[in-house]
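Quick one: structure below, then a few questions.
We just call them A, B, C and D in the order they show up, numbering each chain from 1.
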């Protein structure tokens, strides 16, 4: 029947992205591009004080500003039962607009609605708020003392939010005590902000039937719909959430923010559409921050360098509300992956979180819930241990890797690692970068007093949340979903519960469907982000799209295939059992010449289906049996300028193992981007507060996002160890470079400084910190 | 941001004259630089409006001023808090008042400014200049006014 | 206040407040939403457009009234007759974009660069694009995209 | 973020601009490149009632060497200098360096040298450069035009000799001779940031290889750009040597009186002042073919 040439397959093809033509021509449609007739603009009044009682709010002058239509305050919302908003992991709530007092600088105090952007800003400026300053708690260690209780609204009158622990406490203590070698280090992963270039924003409108249409920068539109239904009491069928094109998310666009609720209230109250687009200052000061973990890491080892035990005790700064977007059962996310790539016989990890007068958050910034912190802690600590044992960083790692034959590997902190070949990945990296030559060069330079460092990070992360028995957000299990429809001509559409923010789903999802069905990916349309059409899914963050939704798509495609098999049997005039799927088409078992393509079957499914059900579509809700465990080896080479403290990253190689690669072009792009954010955290990015609780990095002049000039040149390579439990063996990659690279950079700088006896410097490694460390170390040497 | 300053003014008047001046809130209020308006609330509290003008930055700041003259302790403390530009500024300043015995009086002052909000975050370098000027000028004006 | 501008060769006359920033003028008064706004401090470059043929400017740090009488090029005007500009083609071929938010600004800053330096090396490209932030790509593929466009221009014997 | 409303006046000639400025006095600001002013207006830290736009004044759009001076008009852009045909000449190396380090490459296509001098940010680039090169600013006031040496022009942070109602027309850099070279050294946290510390250096040699004159200045080292007179004195008349450069650098470090901020502590910035002056001098001398 078929004479078509063999389909080459779509998996592993470096296909150009299908979504790009609209972006390169300025035809993307982001939230701020949406203008509705008679739309109003909203601006927020924010507190200059980090902790203060609100003694009065005078809106009378604001209401006189030309163009201002209304002003709402916390009191108005509270009266309507909208004073508070539950946070995503369900353990706390957050004020929508300040009620009685403010708890962090730039907290939302009032919302102004006006005819133009300018009038809204004029109105916000005219709102007069009087504050009575209260004592400020600006760091979590001060919060522990409970001298000032920041959240008297809570049942427990303490700043302590939770204690979480995992592993064998006593066993770990015993093993540590018995270890001949021990290292202990306080490692702080500084507060960061994802700062996507498009700030958060929304447009809210109630249509003539009273149904809410809500355009919003959301990484998880379905969860928003459910959350909004719960918060506002609007029935869920009357809420339509649309995530249009999103200009980067990185975890920042997972939580529901107070501004969204205000915009909806304004749209309802004024019966006009309302647009709210954050300013960059609002983005950096009030929406979800990440990290801020103070980790005391302790490792025990034998004299020969075999690790015996790991203990990590963390103090976490969560800000004024516990708005961490973690799954309910995991207040500290996947921090339990802190044993990393190493075979620790026993381990214990604990996290204590505190309220402070800082912005709320604790979101997963390009990270699967606290994996970045965990990975940094273990990779940094292993280097400190290597230094202590006088071993190279590579040798210590080799000695302690989980071996290939140990997979599936039950970690002492409760995960079952799916697959990996850490030794091979490390060897590939060291050979490719010329590790031995670098060591020689370094020795020669050290002899001349020059500071050159080589940093290695051999990380393992855990992504793809997650199996329903463990993972939920607001009670909703963390499955994901896909619906596939194949049209008569063999073109089709796939809809998923995820939402791309640049990851290229319109291309990769099409490739998965095309691979499974032997169709042309160019004619598989991908649609996401519209809750009226997409199946319910938990969204895109925590590297869960490929591990969960990617699997759902493959499984839905296989369901389509099973249905198509029946039609193929009819066309081939054989029993269904005699039809096999081979080389991207259906053929009669043992008779390759007798075959039909999916395209032919698709047409028949609508025109000649015989007794079969017409049409060709299927859906699948995928509940992953396990997480996936991408891993890799990163090597950084740095040169340090003694006089200025500048660290120059001369060379960087990333060898990633993310399992099966769907699109190498996109995988490489994800790695470049993640490495750049890892570089940013290692050297530049930090959200700082002074002791008075003032936010010091409120815009891009002080929150330092690297430009093309600071960013190093990246080299990449891959090893492929498929995930055994994922339908196509893919593990996810978007976060690996961001999770694995900070330690490589910092280890490189510390390696450069090790001849001076410098052991650890907290990120970001600014010029001054490095300069100071060198100067202090030299002064100390002189004294000796 | 947190800024600290100090300085000294020699007033060509005796101690009694100086204290008489310092205990008059209206008079002290008008010593704030670029002052536009002073409203006396009570003997130790005034509301003031000052014009801020440094480089491109121009605007009005509404200030609440609390005076704590203490002739016995030979000291005057001033607390200023206020706002403008969606920001808040708290200034505290104090001066030790000593009789120089030659008919003049010495004001040894020191002050501290804390700014919050966009003015500190964006206008940091501008504010630096302004806060210093505000405190310095206030004491210089006090000297001039008393001497006049 | 009346503003007359040529945007992508098309005349627009609009009446706006003097405080209207050029970026919002293009987006809201002209309906050309390809030009984006990503910050308030002239740092991110999402709003870059080309003025008078070869000057890249940040349209969020310019008032619309200042553009009166000038010619502007925005991302919407790069393709001609349905054919992508070599820079657009380069960004697509080399995977020089992910979320797409910085892309218009990157394209126009690159356009101005190639006007002044038709054959830039990697260092020169990285220097010239340092006024534009990208959070997704790590810049490397953007460099490759600009190089591809430069080669393509050279092959076509033009410097468009 | 949207600025507060203002009245916009476009000037087509210096006379017209001057008339507007005289009429509105302190209520008016000149809009040249706007790259510092407009962000300040967006944050509403600046809220001038009137903006006098001078970008349309063609007579101020020049960049030309004439009778021993390089005159840069009030609306000549930073990028005009970066791209000028003659900028690659050794004598202009100080300007050349700086023209590639001011702000970022797009901002430089609007930003102006004269505007930057008038803004007088404590961490500005052109202020230190103009000081090292001993430039002068031409200001139009009520009593006509006057020329002000940059040393005198820079009064205090954000304050210059341009009074209310006045207009700065151009800056004049003396054309250095053949045996002059310079260097601009800047440490910044990233491109587009203000300097953590910066040093501008310009050195002229005598035929015998001794230093005829030197300009050594610092930015981000005080309320506004400062001249390191001690370093200039030390260098003048001497034969270049490693020790001499060290001494000049130490003088720069001592003279530097920076403010601590997010960019660094006083101690670190003072260290940088010395390091950058040493590097700048070494580079300027290297450009003159001097091997130390």
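Basically, contacts are C-beta pairs under 8 Å (C-beta built on N, C-alpha and C of every residue); 3 or more make two chains touch, one makes a residue touch a chain.
These numbers come from a predicted model, not from an experiment.
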In contact with chain C and chain D alike are the chains A
Decide which interface, A-B or A-D, involves more C-beta pairs in contact, and give its chain pair. A-D
Just curious, how far off is chain D from chain A if you go by their C-alpha centres, in Å? 44
Could you tell me the distance, in whole angstrom, between the mean C-alpha positions of chain B and chain C? 50
What's the distance between the Cα centroids of chain B and chain D, rounded to whole Å? 34
Enumerate the residues of chain D that touch no fewer than two other chains. 1-2, 4-5, 39, 41, 43-44, 104, 191-192
Two or more other chains touching the same residue: where does that happen in chain C? 17, 19, 40-41, 43, 127, 129-132
Chain A, residues touching no fewer than two other chains: 117-118, 125, 279, 281, 696, 699, 701-702, 705, 707, 709
In contact (per the touch rule at the top): chain pairs: A-B, A-C, A-D, B-D, C-D
Which chain C residues qualify as touching chain A in the complex? 17, 19-20, 24, 27-28, 32-41, 43-44, 46, 74-76, 78-79, 84, 88, 91-93, 95, 97-104, 107, 122, 125-127, 129-143
Which bits of chain C are touching chain D when the two form their complex? 1, 17-19, 21, 40-43, 45, 48, 55-58, 60-63, 65-66, 68-69, 109, 112, 116, 127-132
Quick check on the complex: what are the chain B residues that touch chain D? 1, 53-59, 85-86, 118-119, 122-126, 128-129
Note: in the complex, chain A contacts chain D through residues 117-118, 121-122, 125, 279, 281, 643-644, 646, 684, 688, 696-697, 701-702, 704-707, 709-710, 766-768, 771-772
Could you please specify the touching residues of chain D with respect to chain B in the complex? 26, 29, 36-37, 39-41, 43-48, 119-123, 156-159, 223, 259, 261
